[in-house]
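The structure is given below, and queries will be raised subsequently.
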Amino acid sequence: MNDPLAHLPWAAADNFLGLSAEDAPGFTDAGVLILPVPYETTVSYMGGTRNGPRGLIHASRYVELYDHELDTEPYEIGVHTLPELHLTRAGPEPALGQLREAMDALVATGKFVVMLGGEHSLSAAPIQAHVAALGAGKRLSVLQLDAHADLRREYEGTPYSHASVMYRVHREVDIVPVGIRSLTAEERRLMRDRKIPVIFGHELEDSTLVDRAVGALGEDVYITIDVDYFDPAIMPSTGTPEPGGGWWNPTIRLLERVFREKHVVGCDVVELAPLPGLAGPDFLAAKLVYKLIGFHARTRQPR
Amino acid sequence: MNDPLAHLPWAAADNFLGLSAEDAPGFTDAGVLILPVPYETTVSYMGGTRNGPRGLIHASRYVELYDHELDTEPYEIGVHTLPELHLTRAGPEPALGQLREAMDALVATGKFVVMLGGEHSLSAAPIQAHVAALGAGKRLSVLQLDAHADLRREYEGTPYSHASVMYRVHREVDIVPVGIRSLTAEERRLMRDRKIPVIFGHELEDSTLVDRAVGALGEDVYITIDVDYFDPAIMPSTGTPEPGGGWWNPTIRLLERVFREKHVVGCDVVELAPLPGLAGPDFLAAKLVYKLIGFHARTRQPR
Amino acid sequence: MNDPLAHLPWAAADNFLGLSAEDAPGFTDAGVLILPVPYETTVSYMGGTRNGPRGLIHASRYVELYDHELDTEPYEIGVHTLPELHLTRAGPEPALGQLREAMDALVATGKFVVMLGGEHSLSAAPIQAHVAALGAGKRLSVLQLDAHADLRREYEGTPYSHASVMYRVHREVDIVPVGIRSLTAEERRLMRDRKIPVIFGHELEDSTLVDRAVGALGEDVYITIDVDYFDPAIMPSTGTPEPGGGWWNPTIRLLERVFREKHVVGCDVVELAPLPGLAGPDFLAAKLVYKLIGFHARTRQPR
Amino acid sequence: MNDPLAHLPWAAADNFLGLSAEDAPGFTDAGVLILPVPYETTVSYMGGTRNGPRGLIHASRYVELYDHELDTEPYEIGVHTLPELHLTRAGPEPALGQLREAMDALVATGKFVVMLGGEHSLSAAPIQAHVAALGAGKRLSVLQLDAHADLRREYEGTPYSHASVMYRVHREVDIVPVGIRSLTAEERRLMRDRKIPVIFGHELEDSTLVDRAVGALGEDVYITIDVDYFDPAIMPSTGTPEPGGGWWNPTIRLLERVFREKHVVGCDVVELAPLPGLAGPDFLAAKLVYKLIGFHARTRQPR
Amino acid sequence: MNDPLAHLPWAAADNFLGLSAEDAPGFTDAGVLILPVPYETTVSYMGGTRNGPRGLIHASRYVELYDHELDTEPYEIGVHTLPELHLTRAGPEPALGQLREAMDALVATGKFVVMLGGEHSLSAAPIQAHVAALGAGKRLSVLQLDAHADLRREYEGTPYSHASVMYRVHREVDIVPVGIRSLTAEERRLMRDRKIPVIFGHELEDSTLVDRAVGALGEDVYITIDVDYFDPAIMPSTGTPEPGGGWWNPTIRLLERVFREKHVVGCDVVELAPLPGLAGPDFLAAKLVYKLIGFHARTRQPR
Amino acid sequence: MNDPLAHLPWAAADNFLGLSAEDAPGFTDAGVLILPVPYETTVSYMGGTRNGPRGLIHASRYVELYDHELDTEPYEIGVHTLPELHLTRAGPEPALGQLREAMDALVATGKFVVMLGGEHSLSAAPIQAHVAALGAGKRLSVLQLDAHADLRREYEGTPYSHASVMYRVHREVDIVPVGIRSLTAEERRLMRDRKIPVIFGHELEDSTLVDRAVGALGEDVYITIDVDYFDPAIMPSTGTPEPGGGWWNPTIRLLERVFREKHVVGCDVVELAPLPGLAGPDFLAAKLVYKLIGFHARTRQPR
């Protein structure tokens, strides 16, 4: 843009938080990277997760930069939004291969990466990238906020389904599922056999919830949040909304504890499927991501 | 269908739970019958209950067959979905006459019948059919989950209105209304005169709720659930959503207790009015019906 | 209308509660005045508050006239609905001037006025009218139910923004904000400097909430309710729905206490932006207004 | 309203055209009466005609008062909007009885009445009222713009269905149906037997259309417009949109000719079922009504 | 169902036209087979074609059985609706393999098959099945009503995309594309090289259109209709609506000529993506299918 | 982005046409500039024009780069999309001042500027910028495609309303309005007094339309397109859809002639108000802009 134009009130680019050119760092200077992956193939019931990253980022422009619970402005850690990654449509295997490649390179930077889905099958790639980055001596825990166990061997004829994502990684990591309220008899057996410390949906209001979840996690934690974890009252915008899910404030308290007591290596928020005309759920997802960034940012500060 | 086609992946018929031909028994072998009655005439505010049965059944295809709270697969009791019953439009009296005829024949089979409405005025027919089937020596209790008392003598010029359904049966049965939060002064007087043990909406969070409700019921119980009983946050898809209603988990606990301690003869779920594009409420109603079936099925099993 | 037509079932005018000509008093005889002000200029995110008054009044026709919690029919105090006030579009300053003029005249009648917005910037006019009416010897408290602090000096280049409404009046009145969960660092500083007794969103479930709020209020109270105070689960129909807000029953308990223990001079309900096809939130707002009227009406009765 | 308030910019009541108190005459002084009848019982496919009158009147506030094709301001004839007539729900026969009573009284005033439906079954009442008013010596023609013949003896078990309205009157009047593109074999036979001069949907673009229609009409004409006459491209907001319907400009030309060459005694516009968020079709229906008023008004002026 | 129930007014199954058990023949006796294939993977822009068959069949229940232009009741040929065919999600190649297998078996019955998509990539299977059935001595023409050329070698990394379907078959058949108004420079070159007799969207109103299209077709014709061929005014419910498309009546005239003068071996209607709340486009697609059946049925009758 | 990431399939930025980094030139190298101005204050009826630029640009990603009617790829002229210009909310006068400043600087570059609104009041700024750039010796013609005359002196108390935009410039330029079908008596008088060569909506199908319009224009032409010019059937997504508007192909023919025979200095497309879930109208507007660019590009090529 030329000089006589520069002083006019141009809008910021459509990045996470709608940051102006001054406030949004480049890739190199960022502390946090947002990776939008609008991938959707193995839809069930209502579709639309391919619109999730765009909807979340659009809504994020209205999230207040100041977090009054933390009393900080977490964006100051430097948040850089990557372009959308458009995975190949040649099939789930090559698509997830591309994503894994991206995640390996991003994890190698040492920055905190937040992936925005897209369908839950994507999460295998960042989880495996973090497992590889941690190395053989350490074992990654995965805090899975979700309505569904996602522990099926395969679904609709493919092992890469969103309903199988936790099965694909369950041997490599320790899964701590929270909020589960829909699973098959076979998934239930697997949970019992593997002693997976599940916290069901109807247990979400137990006062011991946070202690149980934190107690089950190891030192290094990856957090994957399928937004259908939340009660459909506050999160109708997802493919298979299951009644009896998590509410906002208790969930934020749980996440805060995990960030405070563990080493969170990365996270994702997936399965948002924006409903036209209904802004609240997109905004909730955006604020959730900013909360995750805020909790992460605090761990980098001298206390 | 001819032989070369038989092995292909054809979809199941559009029955409750989307059961395949093997899993869905015929009328004779079924333990549970689903009766969809898409009847709507005395609309108020938002209409759409005529789409309720279809929306509920459509959503039910995504309900997981395994119930992890019961640790069973309740569909094994045998669930048969009847075609929609299209009642005559010659007026509410002949229409309810047809439904009564259907209910008498269905109750006579000894199977557990779940009626899906349609508007609440329908419930008089199954209630009266069960009263008749129980015989003179027994008195039926009706557990009414509802936002409205429905105890008006008449409404909009007819005694067959959805707002009058409980008035029509209140002399023949003992009503236990739960969740009521909208009623006229006259309905309030009737409740006091008849000593109807109402539990109001603002009492839903009392810890004594379940004991009070169960204590007020007799041995034989019919359950009628007007979905506007639920809080509009989780059930916006109904004609007159009233704030301050019931939530999912406490309601399921109440229903479980009733099935455990009483003899539930039948039930209905009415007044669902699906909103285009909003799947969650339809799914909740479908899962609710499956919970009712699961609770019923357990009573048939050796404990 | 001529004689042969008079006995036919004509609908009531589109007033609050849908009152018939007999039940709806004229301006002079009314105890309560409803003032609809469909004003919207400084929109953010989703717009639509200009449709708020119409949507609320439309929904109010389905609110039951009997309030079973009060065991009265509050409309008997006499509720008169004024026409919509269409403020000039020549800018926010002259527009608010017109509204102030209207409020001065209305407050002078001694009737209880409920303003329906429209955007929150409007509330400055009734607040200032009540300050003037109270006179120098008394200080007005403002109970602000809201998700946002609205304490910005200016926003989008104007001091008359919805985001600035409390800043504009904060020197003249004592603000008690409840439910706040989005504010800038600067607004937080102002709150600390002025010792504004804020109750944040994450404190809404504290058992001391009502005592804290009531304790912070003086004798004379104006209530301004930005509907985004409520949790988006029950109030999605607003411009910037923030997760973690207030629920129906606790809010009604808070308001009841305030009316019981304080002198409430007036109130407003603003920022409702009806969503097409979604009736519940409009109905909630209408029932809220009727609750306010009911609580007010009780203060006028011999106890 | 008291004096200090009177000069403020209050909105007009929600009448047709949104006329201010000065511009909207009372019942007695009006030349044209608008009668809204939000009646809907025998729904098919999509419902919603009960919202038709409200949607049309709401949209009419944005219709320009000046008609540049006529070069007049037709509202000057005096347009008075009656309240909604809420027919009893005790069944179609008493409901239509009430409407007939209303129409008899309205026709007796000599004013030009435009009825807004509601479902098409309503039109029998104004047609029969005009037949009675014309007296034995004259025979009324009915210009029926419609996608469906509506000549069934009965439908869904009642002779009062929207699908039977023309059958009910076809012996008393001469019907000229235009735009028909859906009918049963039996209706086709009836048309042939009675030599009803039908113009089918696929003939709408014939250059002789207007001549044929005008030629088939007698001197005294009632016009009934089921909005599904129009192509669904411009009128999606109706219960059963049939492809291949009428367009705006040719239809206006046809109506203009009829008003110019015949004596139009009255008219109705029915079956509008507003779609949330889609304003165009409601506006089209409102402008159509204003065109009818404009054509009527011209016949009263010295040419 | 048992005897006392049999006489009640049960609804028909959800088949095409909503035919009752008497009117709907079994597979063997049918003259026409409807094959619904709700397959969608290579979405672009708006998705939703997986809901196409269900929406079309649902709307078809309101199509009048009598066709007044043909003066027949075409359903009498016997229309049997197959269950939905749920193709594997293991990738497009095996999925299309399954469909080809189904089509081979269906074509072998000699019945007239109408496939309902789903996305346009599906059409390759029925086209190739018909090519195989015709045998080496004959060459199939394909009348393609479409907004897009669909002649890309590959799209989004796969040769099985909806954008490539015509490229995949263009060597085996003679394509006559009508309504094309979006294509790449490369597709344009291919059209010129292969002398494909394209009729562009802006030529749809030429009076010679029908002659040109019919003249370009050989004796044996398959018709594939991508609903985005139609103008978005009448068909908004599709993935990529392109302005300037075909209208209803001229299209019906074209199809009638083709059936009259050629031997139409089969057809499909694809890419319908129902919009919630908007019934018209689904109904248009259903009526289009019934028109195709009617034209086909006439060829079987003695003239 | 660092090296290991660079080769992955990242999406293009959200520019007009969704051009990749290679295909999208910088400001300096561009031949065409797209200026999005999401400004909306003086709303009427339905709002939403502030979402117009975003919706149009989003849809443009699916516009085919090859234009088969021109047989060129017009984007090769170099299309650069500026960020959104967020005008001050301190009132229409300073807001339009900012836009004028921007337009002066942009016109000074000599590039072809396409402004995307936002409301029609914006167009005064580019028109006046071009008048200033042309200089005293030349007189600008403005081809106005519009449903409304927009010749009011003021509207809703301000001379800067969308309804006044043409009045504000009518002394400086020669207006040629096309498609007008809603205006006041006063606007009609002004048209007659000033001999403005209006072509009304009902004249759009006259064969002489293009000649009349082209004949009325001078050599230098600015084109302003209010999308409500189009028939609501193809453009429902606008504030006040008026029946009887322009269709796609004839409009494109008119614009092509104007570009071919005149010197078009710039243009704008305004008043698009995207409807959630309805993609077609946004796509039409995007394709329209690309047509304008294509026609402009051809004038720069050797013929």
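Here are some notes:
A, B, C, D, E and F label the chains in the order they appear, each numbered from 1.
The rule is short, and it goes like this: contacts are C-beta pairs under 8 Å (C-beta built on N, C-alpha and C of every residue); 3 or more make two chains touch, one makes a residue touch a chain.
Just so it is clear, the structure is predicted and the values come from calculations on it, not from any experiment.
The set of chains in contact with subunit A as well as subunit C comprises B, F. Shared contact partners of subunit D and subunit F, listed by label: C, E.
Put simply, the chain farthest from subunit C by mean CA position is E.
Residues touching across the subunit C and subunit D pair largely coincide in numbering: over half of the numbers involved belong to both copies. Note on chain placement: the centre of subunit A and the centre of subunit F lie 41 Å apart, centres being C-alpha means.
Distance between chain centres (mean CA atoms), subunit B to subunit F: 56 Å.
Among the residues of subunit A, those touching two or more other chains are numbered 88, 231, 233-234, 276-277. Pairs of chains meeting the touch criterion are A-B, A-C, A-E, A-F, B-C, B-D, B-E, C-D, C-F, D-E, D-F, E-F. Against subunit B, the residues of subunit D that register as touching in their complex are 40-43, 47-48, 50, 88-91, 156-158, 161.
Residue ranges of subunit E in contact with subunit D, taken from their complex: 59, 62, 64-66, 68-69, 71, 73, 231, 233-234, 248-249, 252, 277-281, 283-284, 287. Those residues of subunit E lying in contact with subunit B across their complex are 1-2, 4-5, 8-14, 27-28, 82-88, 98, 101-102, 104-106, 108-109, 276-277. Within the complex formed with subunit B, the residues of subunit A that make contact are 44-46, 180-185, 188, 200-202, 205, 231-234, 236, 240-244, 275-276.
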